[in-house]
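Right after this note come the structures.
Below, chain A partners chain B and then partners chain C, in two separate complexes.
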Partner chain A sequence: MLDIILQSLASLADPTVIAVILLATFYGLFIGAMPGLTVTMAVALFVPFAFFLDPVPALAAIVTLQAMGIFAGDIPGALLRMPGTPASAAYTDDSYALSQQGQARLVLGVDVIASALGGLMGAVALIVGASALAEFALTFSSYEFFWLALLGLSTTAFIATASPIKGLVAVVLGLFLSTVGIDITLGFQRFTFGNPNLLGGISFIPAMIGLFGVSEVLRIVLRGKMHLAYAKLEKGASFLPAIGTVWRYRLNALRGGIVGLITGVLPGAGADIGAWLAYGVSKRFSKEPEKYGRGSMEVVVEAGVANNSDLAAEWIPTLVFGIPGDAFTAVVIGILMLKGLRPGPAILHDYTNILIAIYVTFILANLLMVPFGFAAIRASSHLLRVPRNVLMPIILLMCIIGAYAINNDVFDVGLMLVMGLLGVLLEANGFPVAPIVLALVLGPLLEQSFMISLIKSEGDLTLFFSRPVATILGTLTLVVWILPLVPLAKKLITARQV
Partner chain B sequence: MNKSRVARAALCSLGIVVLLLGLVTACAPPTLAYPAKGITINVPWGAGGGTDRTARALAAVLEKDLKQPMGVVNRTGGGGVVGHTATATADPDGYTLGMITIEVTMMNWLGTTSLTYKDYKPIALLINNRAGITVRADAPWKDYKELMEYVKANPGKLKASGTAAGGIWDLARVGWLMAAGLSLDAVKWVPSAGAAPALAELAAGGVDICTCSPAESLPMVQAGKARILAVMADKRWDALPDVPTLKELGHDFAIGGWAGIAAPARTPDSIIDILDKAVEKAVKSPEFTNFIKTSGFWLDYKGSKDFVKFLEEQQETNGKLLKAGGFIK
Partner chain C sequence: MGTWDVLLGSVIAIAGAYIFLEARTFPNLAGGYPGPGLFPQLLGVLFVLSGWGIAGNAVVKRAWAWKPPLSDYPSREKINALLVVLAVIFYILLVDTLGFIPMAIIILIALMFRTGVSLRWSIVLGIGLTLAIYILFNRILHVPLHSGIFKYWL
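Here is the complex of A and B:
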């Protein structure tokens, strides 16, 4: 065993591998920190390079770029209110509000520590529990996925909204948008207007870039004062206070890590869903739920840990069963196959040296994240000094590139702009955009798992409670729905008695 | 917000669209011997997927032979329509080629696009991953015969999955049941977003059969979670020499998800000849052979002329299956 570990360490100590890891660090940090450019795009662009690399550097690069990118997505979220990646979207309003309250440096520091911590938790789960967690993932059928999606939607539907009705309208709008395209259950086209670009549905990443990135750019343009720069980051140390803050919310961190792990190992739920679920769970159990959406540090910790602990966990069903969890791990499978490493349980013992190299890279990348993350924060503070009339066009350009590069299609750029305008209109009238993105992510999972369950059960709704995990998730969902009605019912009863 | 600001925002985005259109400029036409510059291969599916990897493996070998850079571009979206259309409507100068997949002989039947195989000049069929009959490892049927006895005795009890309704693996189910002389309700279809979620559903006990390709279900078989009872192919697969074909079992039916390379319809024959020969050489190269071996795909090479015939047959067969399945209204 020891000689295998030493051998894989030696394979990592190769100058090419180190160079690749360093390059992937910068690449991941840059892509993540740029509003518009997403990690999914980054890894798709990396595929041609992976072709020419050996398995260890190719996989090390992916691990590193994914971890760095998901962390760095928090930076523009906190500073500009534009999440760099979909995984940061859940808590963007909170981290932005906190940085408006003069805590930008602290929030970003907390993001680094929480991300690194989450990444390490995921790595430990991957190393210790890959087989067991993979078995767990296989207990999820469409019933369980239906309840999971409904639970996620129910707990997070009302995030960051002054008015629950407007929040609900936004959720419904998002769900409506998620129905566009060919319905996989019946093969029927919905709202495509004969446009082939809409057959696959509203492409999620361009929509997200539009709703968050472009709409913010447009809003700033409309507000005027373009020659001004953003506020500066507050001075002072951030490393120790950040660690202190994460330690204060250590239970949140632990819970976020577990939520992230669970969503990660489930095929079909990626880091973005992990962050939303962690947000919902956190708000449900928080002592200060009123702060959520207006600058809650505890949710930044919890969801920040969750979206990174999700990453390593996503590799588990990918490696063990060849079942990718999201677009990202689908590319990972492609690269594994290219290198002649067929996913399957055999990979756990046949390719131990490559596997250990992956493990070590996960740990290394998350440790590297701390110094490089703080350096990235320092670098991004210079960004804030750039006048808006210079910064905004650059961001818009990045948004256009990012939307285009996902499908190499100009249609998506148009879609992004439409979503940007929609975002401006909605926000100007008090409708939040975050629930739209949430509904776009969870909508297809919710609908497909519901329809598939109905087809399987031939219309018998009792089967939604026929399996143990489904029963637990279903009951939880019903509790979430009924709890807000309890005070209302009490009021009604007392009113009648009077 | 007042109206003039909304108008300003609209104007802003309009300006961006105009700017982008301006960026799309035409390239100078080639005059030298083909190929005089880099060639682009459109892939209608995502980076890292089976079609994409095949295109990249082929491109890497072709690059050396044709001595020109080959670029693989993923034109995804629209359930494959976008990328297929991009290749069909590209300049027929031999510098834009594209991967075409089985969907090109299905989508026109389903009315999702008017595009057919006639919009291309085929160069070569490359891979053809045959369908299989995969069941859970602890399923009560020892072999295909026992499964069929159960299906006959309990029609409609078992459920199969693998793709969307009317997708390729659903057609495999339709063709298989027809060949076995059973009604299409004998094994019901549970749609899924693809083979991966269908296999997860199979393992979780949600469905009983997955008709996806053994190329996709092999990791689950190796994990001891699933067994493959038969393959819907003309001959056994090298990677699973013990698994019988449907034909051997008395049900003459074969189907597979295939991918090949093609050029826009009006590409000159002289260019197609060059590419046909180059691809034939590339497919036989040790690099490509090795790629097929490691990726677990089923190689089914057919040159330009045979590929045309294959496409004609596919167009007809898949239309029949889609009609039988009730997908053409």
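Here is the complex of A and C:
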């Protein structure tokens, strides 16, 4: 074991890996700081680079850009009242209000420390949790995998979206897209319409680049604001005051970290859900709930720790079960497959060195976040000054190359465009797009485990609940289905009483 | 959302019905076990139910407000967005003949100029960035970008 750890550390000490981590740091900070550009889009555009890198530098870069990007999303939130990433949205009003009160530098400093702290908590949970769960997951049969995949999709459809029915449509659309191509049981062509380019199915990465890259370019072009007005940073030190503030709210930080870990491990709930949940919990237990939304520092600490602890925890179901926590980790699964690494319970034994490299990178990235995060705060006014009319055409070109480079096929560029237009249409009408990606990735696993379970049970659906873990997961899934009906039932009861 | 919900809900329900009927024609496994058609059939049913749900909800709430598509955005920005879409279509159709470099230069200059960058800067950035991106992806990362009209030089 010691040999493997030393081997992993040596692979990370390679100058190429260090250079890649540093580049990913700048890339993540830049994309996160640009309002409208998401970390999910950043990782989708990174795919062509990942294609040509070895597994360790590719994964180290992804881990780094994720951590940096989620922190940097706080910068435009505090200075522009526009969250750089959805994970920062929960406390944007508070961050911005504090900036307006002349505390911009302090609130951004608190964001750095809270993010690094949350990230380190998540890294510890990942190291402990992945190993423990991998052993446990080896006992899973098709029933458990079916329920786990369905639980992830149900969470993303019914809990992680504003409209459960539209979330359901997004999930079903993603699942349908995953059925296109040659079926694995009989080699039968499904929904290919005679097009040979569709025989291998809908290529996941171009679809993802379309949904998150092209649609974002289109939305920003439609909004038309190419230069943004931002709040100025006041002068003065922020490192020690930020540490002091986080220490003052240490219990909030701890609670936020735990909330983030729980939402992270739950398949289908992303860092944004973690941050919103932490916001709700924080307000519920606060002595000053009236300050929430008007400049509460304690919620910036609590939700800031939560969204970053969520990030590392999301990798647990991703690596151990092959079930992504959110759209970002869905791309991670795509990249792992691209590198020939199959996520699942056996990953702990099959790719121990790579797994250890991921663990170490999580710790390294969150430690690096402190100096680079404070540097990014200093440079924030320059970052926000980058004109978006120069940036958007470059991103479009990167999207085209990214979609093309997967199969070296222009058909994928067309697929990317179709998915981009679909993303704009759906979001304009209140349909979330992240569940489509999650369903596209989980579709084959869900269908395969469903068919195997159905054949094993000879059509007896009660056998889907025959094993203890399957029963727990199945019950949880049913609870997630019933939850959206509760407000409806309450309304009906109240209406009858009136 | 209003009328759009009725429209989209109906489209989703019709698409679901098509998926269900098409999947019913797929073969079964040996021994009469359900085959590749079962899963898409279930998805078809879910599409129909959720499509009805979305359209029905709008009808029950009498939400008939009609807004033309993208009516919240100024027309200049809508034309710019259309230009983005046309740029990708243009790339797909002509990249094989013209090659990556001319296509990328045209796309970058056109989009930058159209969205407010001066012509001089659009040309300088368009050419400079295209060459930088070409070197990065083609020469360093070995992505086989189309050489087109430059096939004898590149």
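Definition applied: the second predicted complex is superposed on the first by the 278 of 498 C-alpha atoms of A that agree within 3 Å, B and C clash if a C-alpha of one lies under 4 Å from a C-alpha of the other, contacts with A are read in each partner's own complex, and residues count from 1 in each chain.
The rule is short, and it goes like this: a contact is a pair of C-beta atoms (placed from the backbone, for glycine too) under 8 Å apart; a residue touches a chain by one contact, two chains touch by 3 or more.
Owing to the predicted nature of the structure, the values given are computational and were not obtained by experimental measurement.
Chemist: Where does A:Val221 make contact in the superposed view: on chain B (first), on chain C (second), on both, or on neither?
Modeler: both
Chemist: Just to be sure I read the superposition right, which of the two partners does A:Ala327 touch: chain B = first, chain C = second, or both, or neither?
Modeler: After superposing on A, A:Ala327 lies in contact with chain B but is clear of chain C.
Chemist: By residue count, is chain A touched more by chain B or by chain C?
Modeler: Residues of chain A touched, chain B against chain C: more for B.
Chemist: Which partner does A:Met392 reach: the first (chain B), the second (chain C), both, or neither?
Modeler: second
Chemist: May I ask you to decide whether A:Glu447 touches chain B, chain C, both, or neither, giving the answer as first, second, both or neither?
Modeler: second
Chemist: So, A:Phe49: does it touch chain B (first), chain C (second), both, or neither?
Modeler: After superposing on A, A:Phe49 lies in contact with chain C but is clear of chain B.
Chemist: A:Ile335 in the overlay: touching chain B, chain C, both, or neither? Say first, second, both or neither.
Modeler: A:Ile335 contacts chain B only, not chain C.
Chemist: In the overlay, answer first, second, both or neither for which of chain B and chain C A:Phe26 touches.
Modeler: In the superposition, A:Phe26 contacts neither chain B nor chain C.
Chemist: Of the partners chain B and chain C, which touch A:Ile400 in the superposed model: first, second, both, neither?
Modeler: both
Chemist: Please work out whether A:Thr139 is in contact with chain B alone, chain C alone, both, or neither, and reply first, second, both or neither.
Modeler: A:Thr139: touches chain B, not chain C.
Chemist: Do any residues of chain A touch both chain B and chain C, and if so, which are they?
Modeler: Touching chain B and chain C on chain A: residues 48, 51, 185-186, 214, 218, 221-222, 396, 400, 408, 410, 413-414, 417, 421, 428, 451, 455.
Chemist: Spell out the part of chain C that touches chain A in their complex, as residue ranges.
Modeler: Residues in contact with chain A: 1, 4-5, 8, 12, 19, 22-23, 26-27, 29, 33-36, 38-40, 43, 46-47, 50-51, 53-54, 57, 69-70, 73-74, 76-78, 80-81, 84-85, 87-89, 91-92, 95-96, 104, 107-108, 111-112, 115-117, 125, 129-130, 133, 137, 141-145.
Chemist: For chain B, which residues are in contact with chain A within the complex?
Modeler: Going through chain B, the ones touching chain A are 1, 5-6, 8-10, 12-13, 16-17, 20, 24, 46-49, 52-53, 56-57, 60, 72-79, 81-82, 85, 110, 112-113, 159, 164-167, 188-193, 196-197, 199-201, 203-207, 216, 218-220, 222-225, 290-291, 293-296, 327.
Chemist: Residues of chain A touching chain C in their complex?
Modeler: 48-49, 51-52, 165-166, 168-169, 172, 175-176, 179, 183, 185-186, 188, 190-191, 214, 217-218, 221-224, 226, 387, 389-390, 392-394, 396-398, 400-401, 404-405, 408, 410, 413-414, 416-417, 421, 428-430, 447, 450-451, 454-455
Chemist: Residue numbers of chain A touching chain B in their complex, please.
Modeler: The touching residues are 44, 47-48, 51, 137-144, 181-182, 184-187, 189, 196-200, 203, 214, 218, 221-222, 267-268, 317, 320-324, 327, 330-335, 337-340, 342-346, 396, 400, 406-414, 417, 420-421, 424-425, 428, 448, 451-452, 455-456.
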